[in-house]
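Structures follow.
One chain, subunit A, appears in both complexes that follow, with subunit B as partner in the first and subunit C in the second.
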Partner chain A sequence: MYKAWLVFRKDIQQEFKTRYALNAIFLFAIVTLTAVSFSIGAFSAGPEILSALLWIILFFSSMSGLAHIFVREEETHTADTLKLVTTSSSVFLGKLLFNIILLFSVELLVVPLFIGVMNFVVYDGLVFVLSLVFGSFGLAGGGTIVAAIISKSNTKGALFTVLAFPILLPVIVSGISAAKKAATNAPFVSATSELQALFAFAVVIITAGILLFDFIWNE
Partner chain B sequence: MKLSAKKISKDFAEKAVFKNLTFEAESGTCLAVLGPNGSGKTTLMRILSHLILPTSGTIEYFEHERSIPAERIFQHIGFLGPYLELYQDLSAMENLQFFSKIRSMKNFEPKIFKLMERFGLKGREEDAVKTYSSGMKQRLKYVFALLHEPKILFVDEPRSNLDEEGIRLVYDVLQDYKKDRLLIMATNDIDDLKLADMRVQVNV
Partner chain C sequence: MLVKLLKFILYFVLSSVIYGAFFYAPLAKGLGEYTRVLYFHVPTAWITVIAFAVGALFSGLYLRKKILKYDLWAEAANQIGLLFGVLATITGSIWAKMSWGSFWNWDPRETSIFILLLIYAAYFALRSAVEQADRRAALSAVYDLLAFVTVPFFVFVVPRIYESLHPDPLVNTQGKIHMDGKMLLVFLSSLAAYTAAFVWLLKQRIDIIRIQLQLKQMEN
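Up next is the complex of A and B:
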């Protein structure tokens, strides 16, 4: 785990010097949120529509930034350098941690803005926060493993979203459903199946990522 | 340390790069990998260092007659080549500290300063690698490759981007290195070949 922490810290150091992923993901989130708020207006959509819009913004924002963590290593020819100094599992866990922190940062900015701008009322804060936390782990886990796959291809950008979407669909569907229940004052127990699905998906995708990453990383 | 390569072949998109290469090399020698441009010298270097897998054949390293598991070989390997880069946005010191820590090295800072001085980079430790000239980057790659005192050193194009003084320095370092360790070098340069004790010709 210490080596994964070192990989994460190195990525953070790099990111603070270039701010590529941060800028891409934050700008995409803000632009999408602005476009959505102008196009549908603040008071015309119910919790069903708003929950879906929130997760669409989160999903596509994450698509604009999560792949960068591996694409950068391939494009700058540092992937081999990294292979020479550490194990594949520490690389995967370090990159996963970076993507989780990146997603949490975006959510910290976008979710309060979305609630304010779109007049999205959250009645059950616990369900809402848990769905975002578990959902972020799932998005980051799936996004990180797909990023490792597409970083070796020629059409990186387009391929990332196309490959990630079917894999991450359970997160989007469960996330939308949980957010809708949090916004309609449904009892906590009614959202447990969504929360369980989000939690289970995160555990499965991260475990699968750790097990499969060695084959991807070493070609 | 002993390298044993048996019947190594590599295909890319079903086209053979090289076939059935078999050779051995031991510490105290320099093995030169030779071949015309595009013959697969770099591919062979990457296969020997376990960065990529061969299509067929085996590569084994032995220490005191015991085989070293593939997942542990990176601890013993130093590698530098034109396609292997350091992190350009980080300073030389940040790069070397990261590599030292992740290789679990102890008391590495004096070693870093000593090697930076030996390779003529003293005083440039805190500069971002992207501000280095191509020759300085090559010198820094030598620091990276030698910092953990590897038992096997892979050098692809040893003189690449270096000035006369840099070339002399690198020859001194490599000559000294191969006395008790294994040096594997990919080159076509006649001067580089003066270091070589054994040669492997790569072509299909």
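Up next is the complex of A and C:
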């Protein structure tokens, strides 16, 4: 576990040297939010459409930034050194932690902006926040393992979204449904199946990621 | 000789299933002729699931043993799965047109199978993006297993969140099959015949793979 923490700190330091993933993901989120807000205005869309738009913005911004963590290791040829100094599971956990923190920071910026700009009223804050937290775990878990896969392939850019989208679709579907319920003042009980689904998906995808990552990393 | 005989039996059974579906089986009470698609739609959907499960099994086997042939077997099984998935989508869509009024309306079942096709299309996109055989094998095997663990979410979670109009699946909550004897006979023999056809297709592909690998060895 301590080694995973070290990998995470190394990635943070490396990220702040170039701020590549940070810039990409933040700017992507802002640009899509602007485009959405510009085209439909503040008062014309109901909670159904707004919750779908929020998750689409979050998903595609995460697609623009999450892959960088492994692609960087391959591009700078540092993967082999990392293989020598630590185990594969600590590499995976460290990088997963980095991606989770990255997603949280994007959400911290984008979600309040979205609520403000789009006039998105959240009645049930607990359901909304929990769905975002569990959803981020799922997105980061799936994103990290798919990033590891595509970092070894020949074409890296477009393939990431193509591979990640179908796998992460349960997160988007349940996330949209939970956000919709949080915005329409449905009782808490009615949203439990969505929260359960998001939580279960995060657990399953992260476990599968840890188990399968070794086969990619030491390939 | 035996293989030829088996092939002939398979041909005979598959043809009689087609005949039986249209002329022997009675119609379900109160429903039109279009329900006969059941004898083709359910078996193709069944084979889709079986083929992807077999593909995931071979992928797991490759990761354990690291023998290239298992990866090629997994690819073959997934190809057949994708083919039957498309067939299940088309037959289901025809049924939806007759029964719900439109070919496609994003019913949860339709969404699930669409995502399933998308996942395996992505699997083949990944395969075409990696040149080296052993690397391609490892990456696509991992993706296959990753995709396979998310499939239950589409089967169980999505229909729970959104109401579905799809008739009860084969394995329904009551554990009963509502069919009369003749229908059941045609239905079960259709399932059996399709399963046999799948095994036969997979065996053909595996034989071809073996010959291809031998050829490659002779070239080197």
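The definition used in the following text is that the second predicted complex is superposed on the first by the 219 of 219 C-alpha atoms of A that agree within 3 Å, B and C clash if a C-alpha of one lies under 4 Å from a C-alpha of the other, contacts with A are read in each partner's own complex, and residues count from 1 in each chain.
Methods note: a contact is a pair of C-beta atoms (placed from the backbone, for glycine too) under 8 Å apart; a residue touches a chain by one contact, two chains touch by 3 or more.
From a predicted model like this one, the values you see are computed outputs, not experimental measurements.
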Give one word, clash or fit, describing how subunit B and subunit C relate on subunit A after superposing.
fit
Report for A:17: first if it touches subunit B alone, second if subunit C alone, otherwise both or neither.
first
Now for A:6: first (subunit B), second (subunit C), both, or neither, which partner does it touch?
first
See if subunit A has more residues touched by subunit B or by subunit C, and give me that chain.
C
Using the touch definition from the top, say if A:104 reaches subunit B (first), subunit C (second), both or neither.
neither
Can A:60 be said to touch subunit B (first), subunit C (second), both, or neither?
neither
Can you pull out the angle centred on subunit A between the C-alpha centres of subunit B and subunit C, to the nearest 10°?
90
Using only CA atoms and the superposition described at the top, report the least gap between subunit B and subunit C in Å.
5
Quick check on my understanding: which residues of subunit A belong to both its subunit B contact set and its subunit C contact set?
219
Touching residues on subunit A, where the partner in the complex is subunit B:
3, 6-7, 9-10, 13-14, 17-18, 76-78, 80-81, 83-87, 90, 218-219
Can you check the complex and tell me which residues of subunit C touch subunit A?
63, 115, 118-119, 122, 125-126, 129-131, 134-135, 138-139, 141-143, 145-147, 149-150, 153-154, 157-158, 160-161
Which residues, counting only subunit B, touch subunit A once they are in their complex?
46, 49, 51-53, 71, 74, 77, 79, 83-90, 94, 98-99, 101-103, 128, 144
Within the complex, which stretch of subunit A touches subunit C?
142, 145-146, 149-150, 152-155, 159, 162-163, 165-167, 169-170, 173-174, 177, 193-194, 197, 200-201, 204-205, 208-209, 212, 215-216, 219
